[in-house]
Amino acid sequence: MNSLHIGIIGMGRIGRIHADNLLRMPRVRLAAVSDLYADEALSQWATERGVPVVTKRGEDLLEDPDIHAVFICSHTDTHVPLIIAAAKAGKHIFCEKPISLDPARTKEALDAVREAGVKLQVGFNRRFDHNFERVRELVLEGRIGEPHLVKITSRDPSPPPEDYIAKSGGIFIDMTIHDFDMARFLIGRDIEEVYAHGSVLVDPAFARYGDLDTAVVTLKFAGGALGVIDNSRRAVYGYDQRVEVFGSEGSVTVANDHPNTAEISTSDSVSHDKPLHFFLERYNEAYIREVRRFAESLLDGAGVPVDGFDGLQAELAALAAKWSVRLGRGVKLAELDDSDRLAAEARNKEATLA
Amino acid sequence: MNSLHIGIIGMGRIGRIHADNLLRMPRVRLAAVSDLYADEALSQWATERGVPVVTKRGEDLLEDPDIHAVFICSHTDTHVPLIIAAAKAGKHIFCEKPISLDPARTKEALDAVREAGVKLQVGFNRRFDHNFERVRELVLEGRIGEPHLVKITSRDPSPPPEDYIAKSGGIFIDMTIHDFDMARFLIGRDIEEVYAHGSVLVDPAFARYGDLDTAVVTLKFAGGALGVIDNSRRAVYGYDQRVEVFGSEGSVTVANDHPNTAEISTSDSVSHDKPLHFFLERYNEAYIREVRRFAESLLDGAGVPVDGFDGLQAELAALAAKWSVRLGRGVKLAELDDSDRLAAEARNKEATLA
Amino acid sequence: MNSLHIGIIGMGRIGRIHADNLLRMPRVRLAAVSDLYADEALSQWATERGVPVVTKRGEDLLEDPDIHAVFICSHTDTHVPLIIAAAKAGKHIFCEKPISLDPARTKEALDAVREAGVKLQVGFNRRFDHNFERVRELVLEGRIGEPHLVKITSRDPSPPPEDYIAKSGGIFIDMTIHDFDMARFLIGRDIEEVYAHGSVLVDPAFARYGDLDTAVVTLKFAGGALGVIDNSRRAVYGYDQRVEVFGSEGSVTVANDHPNTAEISTSDSVSHDKPLHFFLERYNEAYIREVRRFAESLLDGAGVPVDGFDGLQAELAALAAKWSVRLGRGVKLAELDDSDRLAAEARNKEATLA
Amino acid sequence: MNSLHIGIIGMGRIGRIHADNLLRMPRVRLAAVSDLYADEALSQWATERGVPVVTKRGEDLLEDPDIHAVFICSHTDTHVPLIIAAAKAGKHIFCEKPISLDPARTKEALDAVREAGVKLQVGFNRRFDHNFERVRELVLEGRIGEPHLVKITSRDPSPPPEDYIAKSGGIFIDMTIHDFDMARFLIGRDIEEVYAHGSVLVDPAFARYGDLDTAVVTLKFAGGALGVIDNSRRAVYGYDQRVEVFGSEGSVTVANDHPNTAEISTSDSVSHDKPLHFFLERYNEAYIREVRRFAESLLDGAGVPVDGFDGLQAELAALAAKWSVRLGRGVKLAELDDSDRLAAEARNKEATLA
């Protein structure tokens, strides 16, 4: 393939980020964009950038024989039907995470992708961050020996608005999902069991939707390695994105990125500016590299760096975390196949407590 | 009290550290030392330092009316009988951790102390470390607001010999106990529930004694704050002792101490010397301050900085962690009162798995 | 002005960097490029980017009424005639540093610019670095009080090839010139006196051209503040670009930028990856911001951030440094007006030594 | 020698520091102390520590056949006569820096020491600092290749009182002297030439005594390596003691020591506590090791780690710095032999300016 023609479905914040990054890439043409709420402003946006087609119907892009691949950046509940339709139309797919809130539905989408023989990349952008990529490299090079423990700190600078909370699916599928994927990526092993606990300490709005805003999640990996993730919806000092992988021959940690290296010493203290504020600043480069890798996989025939299986594993871990909080025990991913049994145990436990 | 006369029971490594530190303190006199294996070498040690009495019998110290306080540095299984005897003899007591491997026995010792009206300090030396003290100060000053999460990394440079493993009581009571106490100290709240999981990744010897060498322990505190501890018996880069307390208004972390601040840049990398090797180097000053605070509490009538209740709480958390591993669920400290029920649940679970 | 049409004269490495950055800017059109050695490859380069005109004659750009501004990126000895010609043609000018190797010639160029009423920006790209900009901000905000001392470390990863050394004009005008400008920028004062000493420690090629490869330069500023610059042509660990400004109320330092924050702890040491390799990596963003500021000054009528006076001051400091080495004493910039007297002193000193 | 008997002459702040350190050393006995202003308080101090002799006359110590070595901690102008007298009395000598304010007088003292065959150690305590020792080790191991440049930052937290300024001998002999010695120590080469410039920016009191409070001093070493020292009498953030040695194969820097590693992140910034306040905190351990090395050189027959030649070299560099400021040029240490010529040049220069 000499030139890759791409359409984007869903032109919210993340859709526009991908659009701007695609527009700067050689051998890539942004052929069309669609958004349910496409308006004059979007048309103007497209005109300024030379994007020829703007439509309200994502189907228009799927029906366009000139488009090779679509980016699915619309609401989560549209992901599965769009993936299935795109696969049937023979389009390669880049889909934002999560594929769905229900692993059974996600599996349907993956089946459609497999049958159609198209490529699917899932939007775990953090894998392309310069810091985390370096950790993965060092682990692969054996610099820390056999991994024993992966630790991830992942905290947002401030909680989302209440209407977002209402439909986010909960902290584990909305926020921790990135960390589940990161844990698998860094350590190169699949998650077997999850234990989660959490509290509402930041904003009572979370409690109103049965959600949590502060959580600690522990992981067991195939082979015995351990993991721990801590999340908060509000770190007042900014986006906190750190990891550590500890192993038999050493340890590697990454600290946050800062806007500069200035250190100021006064009669009070020695201080630095706060970390980069949020994901747009911290993962700006990662978004570019994520999309470039997708384009290269199509143009040059390489594999996609994050596939549907990866997407599903993170969703399963998130679901296991949710059950773990309800059951008060570690939950194996293998147990999720029998959700009736888990539900019965939960009812039994809740009856005992009542 | 103008001058404090102290006797030390148990002159192993830690007994001698305390001895050397006491010998340099004003208003303190090291009046006697005892050790079951007292020999010519110990007598010479004492002569060189002007310690007048060396004996094989700890009772000799308890019977000596001129001694105000004893340090109990002998094997763990002697702690409870010695505390009870010392309390009956009206001696103030400094006891190494843990008081015992069995909370019921520990409570007996604490009852004796209470009845006798003597003071008891438990040897959680890390509370007196310059880094951790500073974290506690900052938390108390409200610099990070309301604590939401405490994280502790605690890794030894190398595992103990197998005969030590055989009688250590397991990783939670032997190693994590310091971290349970540190968590309570930093956050100023009691632990309500513990979930622990672990693996044997460092040395198969641990498996032979039903023990673990790598563990992640999560905590729930009264009021909803969360905690997480990670332990390893072997960090090849040296003693790893870091903490973080994250709260509503910020976060404070402490890094390891290094022997110097030299940073060397070559064509390969930018590097520093490794952290201080082990507890003797890292907690050298902390041991001095721990003992000074004990002496001051007697000389000046202040309270002891770590008391029997603190010792018991850490032991209970360790026991809950042990049950948690067996039961695969979070265990509340309150559940430990009904160990029959826990044992029945464990048998039931093990039968189901069999 | 709604749209700024730019031509670039000299399409070597730096010319192409500016070209690529200009091509991404809104409201800017790269209308033409010229290079004495323009060839097929350059034409192809231009075609791929949609640059309509490629020529061997810089004059073509100056004669083009559709071009508003030119970038002068050709060899140093062409700068002055090109500035004069461009100014006469009414073009605004961005000129790489130094304007010339001879302050008298530089003044002629500045006179032409003034008479023509065009704008001239000199290519001191480092002023636009995120770290140094932050230092300047902190100084301006008064965070360190009154500046007393500015320190600059500026070391290249490896020396240039010998043919470059032969015509570079020497370390002070070729390399330190950036640091003279940085010192003035950070401290907001003009340099009054310079003392320089140096050695040939890196590569004997420098000695063959009467040049130095390692130097320490001290500065006196108007008002009494002091400065010191250290330079080396080879830092094996990479580009070393650090500054410190120390003042009555504190100090601010900036460290080097690194490609990631990974810290790896092994049984040997704790290490990081080396700093960003050289100016292309370190000042990538600074080059973009430098050119954007030039474009904005024309499009929006703001002043240029680094003007001809700044360019001249740095050249004068470089010249004073050169005389200082020859005379073995501090040289005031004011003394440069009487170069005959300096030359006589030098001859006298050299005769005494002979 | 099995036991070393020491007397201290001059029981001001530094005399008492050495006393307390000597009192804790095995094989060393503090036999006597003298102070011109010895009073009841000093007698009590001695009694509490078991020091048997307190006297107003330093001569008493020199006449005591039981004393092997004396520490000279009295005012600078007493150093030379005391060294000469002590040497004649066959006592080994530890003398605080500087030996004198006049190199000619210092040479007399060194001659007396040589003739008597006693040992003399000069009090350059900073050589024994853990950070600087590590730099020296790394340089000796060849980790940075051939040294090209040494940089020293040395700033006090606050200026001394005016009566101290009045008789200090000036910043170069009082403060920079430590840095001249450190430069020689780190790079292992002698200083050949010094250029100094400075200002009065901190406190006008310095100007009243013809002194400076802010200075930059550059050095040329035998073999071509360069050096630079910056000094300030007031760094509001505390004692600033950093060095860098840059060489053909790399660079080593040391940062300041801090009281703890706590890093606090808030909505404002990321901050640390300030560096250790002043020399008592920073060099506490260095003072102990300095004195231990002196004692070991006598007890075990090793050489002293800092001898009279080292003391003289630092004084000569200080004197060259003073002349450099007056003459406005670099001054070679070899020129100091002909002070008449320097004085004539100075008068000539001052006449020209007048």
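Should a chain be cited, it is by its letter among A, B, C and D, assigned in written order, with residues numbered from 1 in that chain.
As a convention for this text, a residue touches a chain if its C-beta (ideal position, glycine included) is under 8 Å from a C-beta of that chain, and two chains touch if they have at least 3 such contacts.
All values derive from a computational prediction rather than experimental measurement.
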(message) When contacts are scored as defined above, which chain pair ends up with more C-beta pairs, C-D or B-C?
(response) C-D
(request) Going by C-alpha centroids, which chain is farthest from subunit C? Tell me that one. (result) B
(request) Quick one: report the Å distance separating subunit A from subunit C, using the average Cα coordinate of each chain. (result) 43
(request) Give, as an integer number of Å, the spacing between the C-alpha centres of subunit C and subunit B. (result) 60
(request) Would you mind pulling out the distance in Å between where the CA atoms of subunit C average out and where those of subunit D do? (result) 41
(request) At least two other chains touched by the same residue of subunit B: list those residues. (result) 235-237, 249-251, 265-267, 273
(request) State the interface residues of subunit B toward subunit D in the complex, per the touch definition above. (result) 24, 130-131, 133-135, 138, 143-144, 249-257, 259-267, 273
(request) Could you pull out which subunit C residues touch subunit B in their complex? (result) 235-237, 258, 265-275
(message) Quick check on the complex: what are the subunit D residues that touch subunit C?
(response) 145-146, 148-149, 151, 155, 193, 195, 197-202, 214-216, 218, 220, 224-228, 230, 232, 234-237, 240, 246, 248-251, 327-330
